[in-house]
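Heads up, the next two complexes both have subunit A, just with different partners, subunit B and then subunit C.
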Partner chain A sequence: MRKLDGRLVILSVLVLVLLGAGGLVSGGTYLSLFNLQSMATQVPEIGLLAIGVMLAMCAGNGGIDLSGIALANLAGVASGVVVTQFVSATEAPWLFTLAFAAGALVVGALGGLLNGIIIARLGITPILCTLGTQMLFTGLAVVVSDGRSVTIGSPDPMYELGNGVILGVPYSFLIFLAVALVLGAVLRFTPFGMRLMLTGANAKAADFSGFPKKTIFTVTYTLSGLLAGLSGVIIAARNVNVKWDYGTSYLLIAILIAVMAGVRPEGGYGRIVCVVLSAVVLQLLSSLLNFIGLSNFVRDFAWGALLLSFLAVGRFGLIESLAAAVTSARSPRASKG
Partner chain B sequence: MKKTLKLGVVAALLASGATAALAEGTITTVVKISGIPWFDRMETGVELFAEQNPDMSISQVGPASADSAQQLQIVQDLVAKGTDALAVVPMDPAILEGIFKRAMDRGTIIVTHEADNQMNTMVDVEAFDNAEYGAALNARLAECMGGEGKWTTFVGSLGSRTHMQWVGAGEENAKQHPGMELVDPNNESFDDANGTYEKAKEILRKHPDIKGFQTSAGNDVLGVGRAIEEAGLAGKVCLVGTGLPNPSASYLDSGAITAIGFWDPQKAGMAMNAVAKMLLEGKELTDGMDLGVEGYNSVTLKDGPGEGKLLIGNGMVLADKDTYKDYLF
Partner chain C sequence: MTMTRSDPQTAARPGLAETFARRPELVSLCLLVVICVAVAVINPAFLSPGSLIDMGRASVVTGLFALGVFAILAAGGIDVSFTAIAALTMYALTLFVLNVAPGLPMAVILLIAVAGGTVLGAINGWLVHTLRVAALIVTIGTQYLFRGILLAFIGTVWLMELPPQMTAFGKASLLDFTTANGATVTLPWYFLTFPAAAVLTWLIFNRTLMGRAIFATGGNPEVAARLGYDQRTVHLFVFAFAGGLAGLAGIVHVCANRMANPFDLVGTEIGVIAAVVLGGARITGGTGSVFGTVTGVLLITVVNNVLVLVGIPSTWQRVVVGAFILLAAAFFVTRRRKLQPQIRKQAI
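The block that comes next holds the complex of A and B.
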């Protein structure tokens, strides 16, 4: 039998508790379809970045990706500047949207590839490499856009991507879930996923087993960059405009989400489903606090408290021992009956 | 422990939910950043307006960090919550265009401030006309200089549109005084008091006979004021520029700063809320109307860049050594 994943249990319970508390205090508005959709459209951009951070962490070697939001902004800005020159958003809305999305994804993948090459081939520590590329990407975005915001416009397909719903679920959230599902499957069922985790767990053993470590790192960081590019597309679709300094606070929030999801900063362990739930929990919590109208400093405090309690729960294995106590208490009763 | 925490939160939520339900309408002011003096001062205005309208639920919120994404999230949650009217001071007008449009489509009233390029807003409230402000600063400077002598100007950066408008209007105004000679204009300060101090020292060395400075960014008066004071020229060289009363107080007292110009965020906050209330009640805004807020007694109404209107008050304040104590923030 698989061991019970304590983290998954807590996160799921938290989602329910927050939804319940929100519904209770807002007299139902919090649970209204409109607000649920509104919250769901806010999750993907930061959630995708958090998955990127998780992949980098899982690869071990002190892995982290600090360049996520900078790359997402660069992807939106660069693709926006180029595509708006060649395709008209009003005359060819579909072509425009596809070209913009493709452009942003390509920029994202290239940026990630650059990270991967620097880390894998030149052997630079990820935190230094991505700190450097973060500044590089931000700088490029400033130069490309002249420091101003770039108007992408909102042709129908673009607007739908950022704000539209299908069967009541926002497109952007569906995309986020689909990406999470695919990556989750890749990590669990493919040789690449297994090698990624094993390399993170024990780099030396991976070396002796003949794993193509450089390729694994390069692919991992390229994937992270690709996710940043996708995040850039969603940001542009939501906000009509993109700018180089959007979401400066996302850098730390993405790491917070990953750590809260139980991803091991030393590498080798992390579950995508937990990252998705963790992103959802943070969104529910901050929307709830906005609903009550509490100061935003309280939100930072609440996030910090949440993270610390998660670390404590993980450190002392509270959920696991609780589950063990429950099962051992139940079995004698079963034999009696 | 966790349980008690949750219970506490729930109790707090219930209490706030109950008050919100009683109100006739809700107006929430969303500022760029909370916890800085400028927006703390604005909050006093919002609170004052709340006292005057006890039947409405009026409050101010803002992100804890200066990030347009954080402000966007707050605005989006407030729209989803069903807030009737939002009075927003955008961190970055472009980023909020999308959510403002969706909010207005949904029937939320949107009023903005310091965003005269915002396309999707119903009314943008500006404290004053930029040209008039620049001219007024210069008129005060000319009065101090006795209408003659060398003078120069500082701007935050050459790309800062409002600053260039202010000094441009100042130069126009100075033409009335043939004795005033503009030297080395448009020094860039980058709103950095230390850098401005160094630059002002250079100018004082290069032009020992200089008589006046007109500055634009909020910290410029501090840098130039320090240079003037250290050169022992306080009261002999005139300095008029944008600044805040509290930080400028000691230089105003010593005479290193002649006068500071600004607009009072307290009044701007009240004006935004007053406009939002009128729109909520379905009242029409007219040119020359009185918002019932000091400095907004006879406002100018123009067409904005988008569908909305641009409402310009006469809320500029010029304070000197004798009057700055009325505005301590």
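The block that comes next holds the complex of A and C.
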């Protein structure tokens, strides 16, 4: 039988606790369908970026992707500038939406591919590479848009993508869940996923086992870029406008989500389901702070404190020992061993 | 990795390419000279005292930051919270002087700024050492923490009226020039903090045991620990040192701009890290030099300032700096790889 994943349990409990606390504090409005839907539409853009960070971290080699939100903005801005020139949003709404989404995804994948090539082929540390590309992508977005915000407009399909619901669940949230499901399956059941995790766990052993390390890195960062592109599409659909400096705090939040989800920054371990839950927890907390009436700056402070606390939790193995205590209390022989 | 450091026997007569690989900061220096010459040819206004002094002034804050970041990179870490440390120190201190102690002499203000920054930096160092996680992730956390403390609990309004002694410090002139059209440009006293900090950093790295310990830790932490270098002390020292310089940079920034804006500084980290990397410090630690860092700072300052002079729109600035980081990193890595087999052969 699989060992109980302490992190998964804690995150699930946190979701319930936060929902309960929110309900109590707001006298029920927090739990209204409208508020739940509005929270669910805010999760995907940041959740996708967090999955990108997680993939980069899992690959090891000091992996991290700092260029996520910059690339998402570049994808939205570049695709927006090009597509609005050739396709009219009012005359051909479907064509416009599809062209815009395709453009953003292509830009995202290309940006990720650039990261991957620089890291895998040139052997530059991921931190340095993605710092550089972060600046490059932001700069390109400024150049393409001349520093102004680009109006994408909201033709029906686009609006539906950002704000529409099906059976009460927002489309964007469903897309997020679908992507997470597919990637989770890829990581768990395909040779690529297995190799990615093993390379992260022990790069030298992976080398001697003949894993195509360069290909693994390139594919991983390209995937991360593709996720950033998708995030860019959702950002555009939700906000009507796209701008190069959207979401300045997303870089920290994406890393925070990954760390909270128990992804090991040194590589080799991470579960998508935990990242999804962790993103949900953060959104619940953010909305809760909003309901209490605290300013955005207090939220920044809270995020920093939360990140450091979760690092401490990971460092001292609090969750593992708690889980071990729980399981061993239930049956003495099932303790961690 | 210490093999790349020059050794009198193996490096008897290094070729040009090898010299560049051993001392990557020379590449940046050449690049700096080439850019300066090219810009001076395109637009002679670049060499006027006014523009040179502007650039000198602009380099001070970046330079102070960069020397601290260099120390941390040399020890194998990285810091992105130093701008938040600077912003928190400068704003809190300015507010304190304005409201509580208006008569505080400037020297004491500077000391408090350095001390405040040092404490915040030491917190970073302690967290990095205790949590044993990548310094990048820890300092991203503390960046938000420090900035959150500043904006949530201390204040968000611009302080337009500075205490008189701070205004005086920002204005006090070291050198005066009169330009062709009669305007006076001054090189202020505070400019000296940058060379002074550079000399101090050089002394620490080249004349003290701490400097050795830092390079050893950055080169290979396990070996350094076995040699008896205390990792905790090294971590605390480099982060506290960077914090102290950041505190100083913050207060210099306020005095130079004659106002304290709590939203300033944060967001300039990448430019500073780029300067240090362009100066030849490897992001994985164990290498770099003060001379290289200063070169990198000058290079970044010149690039940021000349784009407009040569007619490139300022929107391109980020693209250029980003491309510089990537090209420099790629250049250093490939050079090193070509050099590595040679050294190995010589070592045998």
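Heads up, the rule we're going with is that the second predicted complex is superposed on the first by the 295 of 337 C-alpha atoms of A that agree within 3 Å, B and C clash if a C-alpha of one lies under 4 Å from a C-alpha of the other, contacts with A are read in each partner's own complex, and residues count from 1 in each chain.
Going forward, a residue touches a chain if its C-beta (ideal position, glycine included) is under 8 Å from a C-beta of that chain, and two chains touch if they have at least 3 such contacts.
No experiment lies behind these values; they were computed from the predicted model shown.
Contacts of A:Leu131 after superposition: subunit C is touched, whereas subunit B is not reached.
Judged by the touch definition given at the top, the superposed model places A:Ser154 against subunit B, while subunit C stays out of reach. Applying the stated contact rule after C-alpha superposition, one finds that A:Lys243 touches subunit B and leaves subunit C untouched.
By the touch criterion stated above, A:Gly184 is placed in contact with neither subunit B nor subunit C. Contacts of A:Gly162 after superposition on the shared chain: subunit B is touched, whereas subunit C is not.
Contact with both subunit B and subunit C is seen for A:Ser295 once the two complexes are overlaid on the shared chain. Once the two complexes are overlaid on the shared chain, A:Gly23 sits clear of subunit B and of subunit C alike.
When the two complexes are superposed on chain A, the residues of subunit A that touch both subunit B and subunit C are 147, 248-249, 295, 297, 299-300. Subunit C makes touch with subunit A in their complex at residues 78, 127, 130-134, 136-138, 140-149, 151-153, 156, 267, 270, 273-274, 277, 283-284, 315-323, 325-326, 329-330, 333-334, 337. In the complex of the two chains, the subunit A residues touching subunit C come out as 62, 64, 118, 122-125, 127-129, 131-140, 142-143, 146-147, 248-249, 251-252, 255-256, 259, 265-266, 295, 297-305, 307-308, 311-312, 314-315. Those residues of subunit A whose C-beta lies close enough to touch subunit B in the complex are 17, 21, 24-27, 29-30, 32, 34-35, 38-39, 41-42, 147, 149, 151, 154, 162-163, 238-241, 243, 245-250, 286-288, 290-297, 299-300, 309.
Those residues of subunit B that touch subunit A in the shared complex are 2, 6, 9-10, 12-14, 16-17, 21, 28, 34-35, 59, 61-70, 72-74, 76-82, 92, 94-99, 101-102, 159.
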